[in-house]
Structures are given as structure tokens and as C-alpha cells.
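Both complexes below contain subunit A, partnered by subunit B and then by subunit C.
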Partner chain A sequence: MKREQACRLAGYLLPAAVILLWEVCARAGFIDLDALPAPSAILAEAANPGALAELGGQTLVTLRRILTGFALGGAAGFLLGFACGCLPRLYAALETIIEFLRPMPSVALIPIGILFLGTGDALCEAIVAFACSWPVFISALRGAGAAGAPLVNTARTLGASRARITFRVILPAALPNVFTGLRVGLGVAVAVAVITEMAASGSGLGALILSASLSFRVALMYAAIAAAGLLGFTLNALFTLTEDRLLAWRHGASKEAR
Partner chain B sequence: MLEIKNFSKTYAANGACPSPAVENVSFTLRRGDLLVLAGPSGCGKSTILTAAAGLAPPTCGQILLEGRPVTAPPKEMALVFQDYANSLFPWRTVTGNVLFALEGKGLSRKAMRDAAASSLESVGLGGFGDHYPWQLSGGMQQRAAIARGLAYGAEILLMDEPFASVDAQTREDLEDLLLRVRERYGITVLLVTHDIDEAVYLASRILVLSKRPSTVAAEITVDLPWPREQVGTRSLARFIELRNHIHQLLKAGAPSL
Partner chain C sequence: MSSPRKRSLFEKASGPVFFLSLPLLWEAVSRSGLVSKLYFPTAADIIAVWFSLMADGTLPLALYQTFSRMAAGFFTAACLMIPLGAAIGLSPRLRLLFTPAIELLRPLPPPAIIPAAMLFLGIGSSMKIFVVFFACSFPILINAMEGARRVPRLFTDTGRVFGAGKGRLIWRVILPAASPRIMSGLRVALPIALIVAVLSEMVGSVDGVGHFILHMQRVFSIPQMYAGVVTLGLAGWIINALFMLADRKLLAWYGGWKRGGA
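And then the complex of A and B:
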């Protein structure tokens, strides 16, 4: 336990050390400051009121798109995956079209999206939903098989109806898998939201990164990139926290198995 | 009360010739019986039990419960598996697991809680209702599974090698627990084991099955006195006699080396 705490502390110190080293190198003149400004310069840029308002505003725009797209895509991926996992015949019927759509790069669909949805929120949310639904789909598909024959047979001998087995046995047994898929999907959502904003939107962090870069406001560009990273980091941390709360039983069970 | 008539089960492996696992087995489980199916591993004991529970239909033959054919798991039966770790719901506490058996019965919340508590009490898990299965030892997990079967109100407990995955001491404890619980609830038990000593110790009757494809090699009435007691019963001359007899039967049926 002590060792684990030490490692955790090292995990906090490492990024701090990297930033410190970066700052030192920048001040010592080892770095081309036009391409990579010092952390202090980026921070100073981000702290100036105009830039701060812009960063905050665009972060909120991106956050809203991520959450909407993730909610839609996560729900769709879960429902489709769980249904296919429970109903092999449904999966057999849908497998070809799913396996055709699934590997399609979501970004390649942006031009189609623009035709139908324009270049606003709806486009970004649709592309995000499409991209993050697949990891959730796969995890729910797999998860539906996680209950195993002994558990399902136990429920059957205890008089559980098919619906009760589906929602009280197969579903809870699938949740650890589903949450893993959701976590992957959330990461995908952040990345795809920013990419879509860079490709086809006038707003959001992606658009800000691109416009800052094109107008040679390098420090602002870095600040926006950092904001995108921080957004992903925070969302993941919140998600993990929720997952640990909801699946406390698994936490203990897997700890015991270690 | 439970009749197995001309039971046969054939498994068709992919590509291979279908091979019969159980051939023409017939027996009757009477109310109050503790009938043990004993036989070498792989002889199809569990196949018979699974079919009796209504989980998988026989290839040929019939399973009748009080004269009615069993086509789905009947409410009069509960099944206890060897693999207790995978038959308890890991996301439910011990009480939650027992409650699962009561949830379809239309009882009030309080009645369900009380019933769960009393069946946990009867298997010696009184203080462990709030624990998760993984917090308990193997023997305690199996007790929880038994408590769940009891709470379900089953008249027949089907047990598939229930004590094969615990250590020797725990095993004895669980054997005696089963005998006590059977007494208290008046349940009928059909138990599968490959352990001859266990079969003789527990059973009122033993059905010795031959090797695959299994048929009934012998039916033995165990005339040992009740209540059974680990040291006393096992040192009776009659216990040893029965044990050796079954041993011979199984040996005769085993493939010669």
C-alpha cells in the first residue's frame, strides 16, 4: 500500500517535472520559442482576460457537443450491442451492415454530415455519436455473454422469467464490460469533437486551435490544446469516479481475485 | 414424487458421431429421500440432474414431477451447483442473493427480508447478510447458495457435486449442514457425487451409475442409522461394507487398464 502511494505521488510529480524542464529549456534558449513557447508564456496568454473568455466559452461549446454526442452514441451503442448480444438472430441479421459501418473513419463522414446538418452543433454531435457508439456497442455485445451458464441457469431454476433474467442477471453482469466501452467511447468523443470542429465548424476548441494556429497566435493555440487535454482528463476522471461508485461490487471482487 | 423414465441423452459433437452419454436410466425420487447418484466422472450424472431440473430436455425418455412432465424449471425444485463462485450474483450481497429467490413470489418487503434472514440463519450465515459473495470463504458461499434454495421454498433440492470444491473439513461441515437442513425443512434431496464415502454418509439410497454411456449399475438402500455422525457413522462396519461394495461395483464398470 505504501509503495502504491509512492507511485501515485510520483505520478503527480512527473508532469510537474516535465513542465519545469520545458520552462528551463525555454529560458535557456534550447527551444525555438516561435514553435514552442515557454509554459509561463502560454499561461500568461491564457490568463489575459480576452483570451480567457474565449478559451472558457469555446471549452463550454465543445463540452456541450461532447456530452450530447456521447449520450446519444453511448445509448445507441449500448442498446444495439446489448440487443444483439441477447438475441443472436438479430445479430446474425445485422452483422454485415454493422461490420461495414463500424470501421468507417467517422471523420470521413463529415462531408456527408455537412450536407444534411450544416456546420453547427448538430454536425459535431452526430459525428461524435457515430464514433463513440462503436466501442460501447462492442462492449455491450460482449458483456451480454458475461453472465455465463451457471448464473443464468441458477436464475432459471429460481423461477425467473426471461425478462427478469435479461434485466436482473444478464444486464448487471454486462455492466463492467459496458462501462469499459463507455470509458473508451468518452475518450473517442473528446478527440472526434475537436477534430470535427477543426474540419467544419466556426466554434469550439478545435476551431480555436486552428484559427490561433493560422493567425500565428502560437501561445493561444497551445493554451487551447491544453484546454482540450484538460477537458478529456477531467471527463475521464469524473467518469471513473462514477464507475467506481456504481460498480463497487466489482471493485472488491476483482481486488480479491488479484 | 420425481420420476425419471427411460432417460437417454445423446450429445452430437460437431462433425463427430453422436455419442450417448446416458442410456435408458430410470429411477424414482420419493418424498423424503436423500438419493445420491454416484458414478465415475464423466458418466453423465450431471446430465441427469440438469435434465431433472428442467434446464435441458432428454433426448429420449420422460421426467415426471407428481405425474406432470417437466419441460421448464419447476417451482418445486432448486438447484445447487458445484461452481458456487459462478452461481451467486456477485453484484448482490448475500441477502440480495437470497432475495432473488423470493422476488417473484409477491411477498411484502418485510416478509421477504424475514424469510431471507431465517434461511440464512438456518445455514449459519446469520451475521453475513450484508457481505458480498467474494468476501466469504468457499464453504460460506455454498451455504449462501443452499440458503437461497431453501428460501425459494423448494421441496426438492438438486445438488450437483455441491461439496467437491471445498476443503475436507468444510466438506464435513457442509455435509452435516445438509442433513440438518433436510431434517428441519423436510426437503427431498437428489445429490450427485463421485465421492463414494460422501455418497454412503449422506444417502438414504444410492444409485450407482456405470461409466459412459451410463446405465444404472445398482440401487442400494443405505441402512445406516440416523442421525449420521461424522466419526461414529464412518467407523461402523456396515459403512465400510457398503463403501467397499460400491467401490467394487464402480471398479467392475471401469475400463480395464
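And then the complex of A and C:
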């Protein structure tokens, strides 16, 4: 037990030790400060009011794009996936098209998007929506089968209508799957928002990271990278919290099934 | 997914029919003039341009550049992260040691490090390979960790009872039992590798498919741009299909094993 605690403590100290080593090496001149400034210099840059305002502003721009795109893509992926899961004929008709579109790398669509949507919010939101709809689609498709024949047949025997079975039996049973897909989709949304802003946009964290790098404001660039990581972390943590609240029943249900 | 009932003729035929009607629909929209023809060239134009670009070697060369970088990054990540993940998954101490560091780096969107990598490695191939490697590492590492950790106690105990040494236990019991999870990590990482490879070419490069597409858009060679996008879509689809095939061959035992209710 005692050694376990020592390992846990060492685990928390490891990142701190790496940062400390980085600081020492930077001050001693072992690393090229033009490529990697000291952590203290990055923190100082992030704390400077002008840079802080820029970081905060661009983070908000990116956050708004992520949330809009995620809402659109999540809703589309869920509706299409759940419909395909409930209606095998619809899925059979659409499967070939879907299997062609799904592996399409979302970045490849950016140049097409620029033609039709310009380089502003709409482009970013559309690409994010496209990219994050697929994990949700797949999980809703699989989730629609999660209720299983015994539950569905029981409901049918008890005289439930088709609509009632769909919304009261199949849908609740699909939710844990759907939420897993949504969580993956949210991670994808963050990454793709940054991607789109880098490839084609004047604003947002991705654009800030790239422009800071090209204008050799290296400390600002690292601060913006850290902000992107923090944004991803916060969104994931909030989502997990919501999921645990909304699906609290599922732990009880799975215990009973065992 | 769907139950293995027999599919009717309608269901078998409808998929390909819908798929083949897509270019026809495209052609019709383009000819009708609903959308500017400059932005939306006819399907016939795009296909003709695609063939000429394939024949004169432009697209094959760009594809080769993109895929060699993608493959280098992907395989490096697989070779390093599968053993590391398995080691971390097997040892509770290593897990405690590395978890905070992994959780700290994991939420970082991989494309965010492209500009930083450009400062260290320039805009050549090594930068792209590194970024692909970084982006692929996390899904592979985390799935290998989980796979090794979740090997049922029964399997390892049985192996031990039959006198298997540590090396034999790892190679013959733990790795096979973890392999479905390891494969699913690789499956997640594969499209990420392609996306990041293409993006790194768009942001900082003078070659590869990513640069080709964005460049063609900037100089308004729109049919060429669409040809590049179609190529990428096809390539993504082929890679995915090949991986699925390998997955089915390598893990053929797993499907039956799962159904057997172990």
C-alpha cells in the first residue's frame, strides 16, 4: 500500500518535474529559446493583459464554433443513426453512400467549404458538424439495437404501439451508447475546429496559434496551444459530468442485469 | 448490428442504386445552373480532369508523398505505443506513475502542435511524420493500456497454473487477449493519421495531396480541386476497407469466441 501511494505521488510529480527540468534547461541555455521558451516566459506572456485579452477573445470564438457545430452535427448524426437503426430498409438504401462519406477526411472538405461559405464562422461550423456527426451516427445506429429482442417483445406483448416502443423502450436503451458517441464527437469537434481555423480562417485559437508561430511570437503560440488543451479538457469534463447526471439510472440498471 | 436475417432484393439493390445516382444528381444540379458552374463543375468534367491528373503523374506523386508520411508516423506510433501501453496496463505502479501525465496531454488537440513542430523541424517530411506520430499515439496507447489491464484474471491464472513463464504468459496469453482492444485503437488512429497528414500539408508544405487541394482552390482551378478531394475520399475508403479486411483475418477467432459467451 505504501509503495502504491509513493507511485501515485510520483505520478503527480512527474509532469511538475518535467516542467522544472524544462525551465532549468531553458535558463542554462541548453535549448533554443526561439523554438521553445522557458515555461516562466510563456506564463508571463499569458499573464500580460494584451495577450490575455487576445487569448480569451479567440478562445470564445473557437468555443462558439465548437458548440454550434457540435449541436448541429450531433443532432444530425443522432437522428440519421437512430432512424437507420430502427428502419433496416432505410439503412440498406443509404449504407453505400454513408460508407463512402464516412472515411472522407474532413480536412479535404475545407477547400470546397471555402468556395460556398467563405472563411468565417459558417465554414468552421459546417466542417465541425460534418466531422463530429459520424461518431454519433455510429453509436446511435448500434444503440438502436441495444434494447434487444426480449425487451422489445415484452413491450409488444403488453400491447405497446410502435411509436411507444420506439420512444419508451428503444430510445432509452440507446442513450448510453449515444452519449459515448457524443463524447467522442465533442473531442473531434475541438480538434476539427482548430484544424479549420488553421487551414482557413482569420480568427479563433487555431488561427492565433499559426499566426503567432509565423510572426515568431513563440511564447504566445505556446500559451494558445495550452489554451486549446484547456478548452478540450474543460469541455470533456463538463460533458462527463452531465452524462453521469443524466444517465445515473444506468449504473443501477446494469447492476440488476448482472 | 442488424440481425442476420435474409435481405430482400430491394434492400440488396437499393444501396448501390442510390450510390450510383449520386453523380447523376450532381450532373443535373450543375447543368441546371442552380449553383454557379464555376464552383460546381459537372461530374463529367471532374472525372475527366481526374483521369488526366492520374495519367500525368501529378496525383499519384502527391498521394505517394502523403501516404509515405502518414505510414511512417502511424507505424512508429504503433511500434512504440503498443508495448508502452501494454506495460503500463500490466503494472499498477506504472499506471499510477503515468496517468497524470497522460491525462494532462490527452485533451490537447493534435493539430495544435503543428506550428510548434514547424519551429523545431521546419516544414519538411520530418515535421509531418512527427505530427502524425503524436496524433496517433494517444488512441493507440490508451487502448493498449485498457486491453492489457482488462485481460481476465482467469486467463493469466490458468496460464500460470500450467507453468507458463512470464515471457510466455505475455506473448501467448496477454497479448492475444488484448489484441481486439489494440486493433480498435489502431482503427481509431488510422483516419486521424490521414487527416493530420493532409492538414500538415495544407498548413506548411509545398507538396502532398493537402497542399494540392488547397493550392488548386486558391488559384481557382476548381475541377482540379474536386479531383483532389475525390482522390482523398477514395484513398480514405480504400485504407479503411483494407484495415477492416486485416482486422477480420487477424481476429477471425474473436467473433466466434464472443458469440460462444466466454
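Here, the second predicted complex is superposed on the first by the 225 of 258 C-alpha atoms of A that agree within 3 Å, B and C clash if a C-alpha of one lies under 4 Å from a C-alpha of the other, contacts with A are read in each partner's own complex, and residues count from 1 in each chain.
As a convention for this text, contacts are C-beta pairs under 8 Å (C-beta built on N, C-alpha and C of every residue); 3 or more make two chains touch, one makes a residue touch a chain.
The structure presented is a predicted model; accordingly, all values stated were derived computationally and were not measured.
Novice: Determine, under the contact definition given at the top, whether A:12 touches first (subunit B), second (subunit C), both, or neither.
Specialist: The answer is second: A:12 touches subunit C but not subunit B.
Novice: Touching A:221, do we find subunit B (first), subunit C (second), both, or neither?
Specialist: A:221 contacts subunit C only, not subunit B.
Novice: Please indicate which partner A:191 is in contact with in the superposed arrangement: first for subunit B, second for subunit C, both, or neither.
Specialist: A:191 sits against subunit C, while subunit B stays out of touch.
Novice: For A:64 in the superposed arrangement: first (subunit B), second (subunit C), both or neither?
Specialist: A:64 sits against neither subunit B nor subunit C.
Novice: With the two complexes superposed on chain A, say which partner A:95 touches: subunit B (first), subunit C (second), both, or neither.
Specialist: In the superposed model, A:95 contacts subunit C only, not subunit B.
Novice: With the two structures laid over each other on chain A, which partner does A:249 touch: subunit B (first), subunit C (second), both, or neither?
Specialist: A:249 sits against subunit B, while subunit C stays out of touch.
Novice: Name the chain, either subunit B or subunit C, that contacts more residues of subunit A.
Specialist: It is C that touches the greater number of subunit A residues.
Novice: Who does A:153 touch here: subunit B (first), subunit C (second), both, or neither?
Specialist: First partner only.
Novice: Under the contact definition given at the top, report the residues of subunit A touching subunit B in one complex and subunit C in the other.
Specialist: On subunit A, no residue contacts both subunit B in one structure and subunit C in the other.
Novice: Which residues of subunit C touch subunit A once you look at their complex with the stated criterion?
Specialist: 1-2, 7, 10-12, 14-16, 18-19, 22, 39, 92-93, 96-101, 104-105, 107-116, 118-120, 191, 194-195, 198-199, 202-203, 210, 213-214, 216-217, 222, 225-226, 228-229, 232-233, 236-237, 239-240
Novice: For subunit A, which residues count as touching subunit C in their complex?
Specialist: Answer in residue numbers: 3-4, 7-8, 10-12, 14-15, 18, 34-36, 85, 88-89, 91-97, 99-101, 103-112, 114-116, 141-142, 145, 187, 190-191, 194-195, 198-199, 205-206, 209-210, 212-214, 218, 221-222, 224-225, 228-230, 232-233, 236.
Novice: Under the definition above, what is the set of subunit B residues touching subunit A in their complex?
Specialist: Listed in rising order, the residues of subunit B that touch subunit A are 50, 53-55, 72-73, 75, 77-79, 81, 83, 86-87, 89-92, 100-101, 103-104, 132-135, 148, 152, 158.
Novice: Spell out the part of subunit A that touches subunit B in their complex, as residue ranges.
Specialist: 148, 150-151, 153-161, 164, 168-169, 172-173, 175, 247, 249-250, 252-253, 256-257
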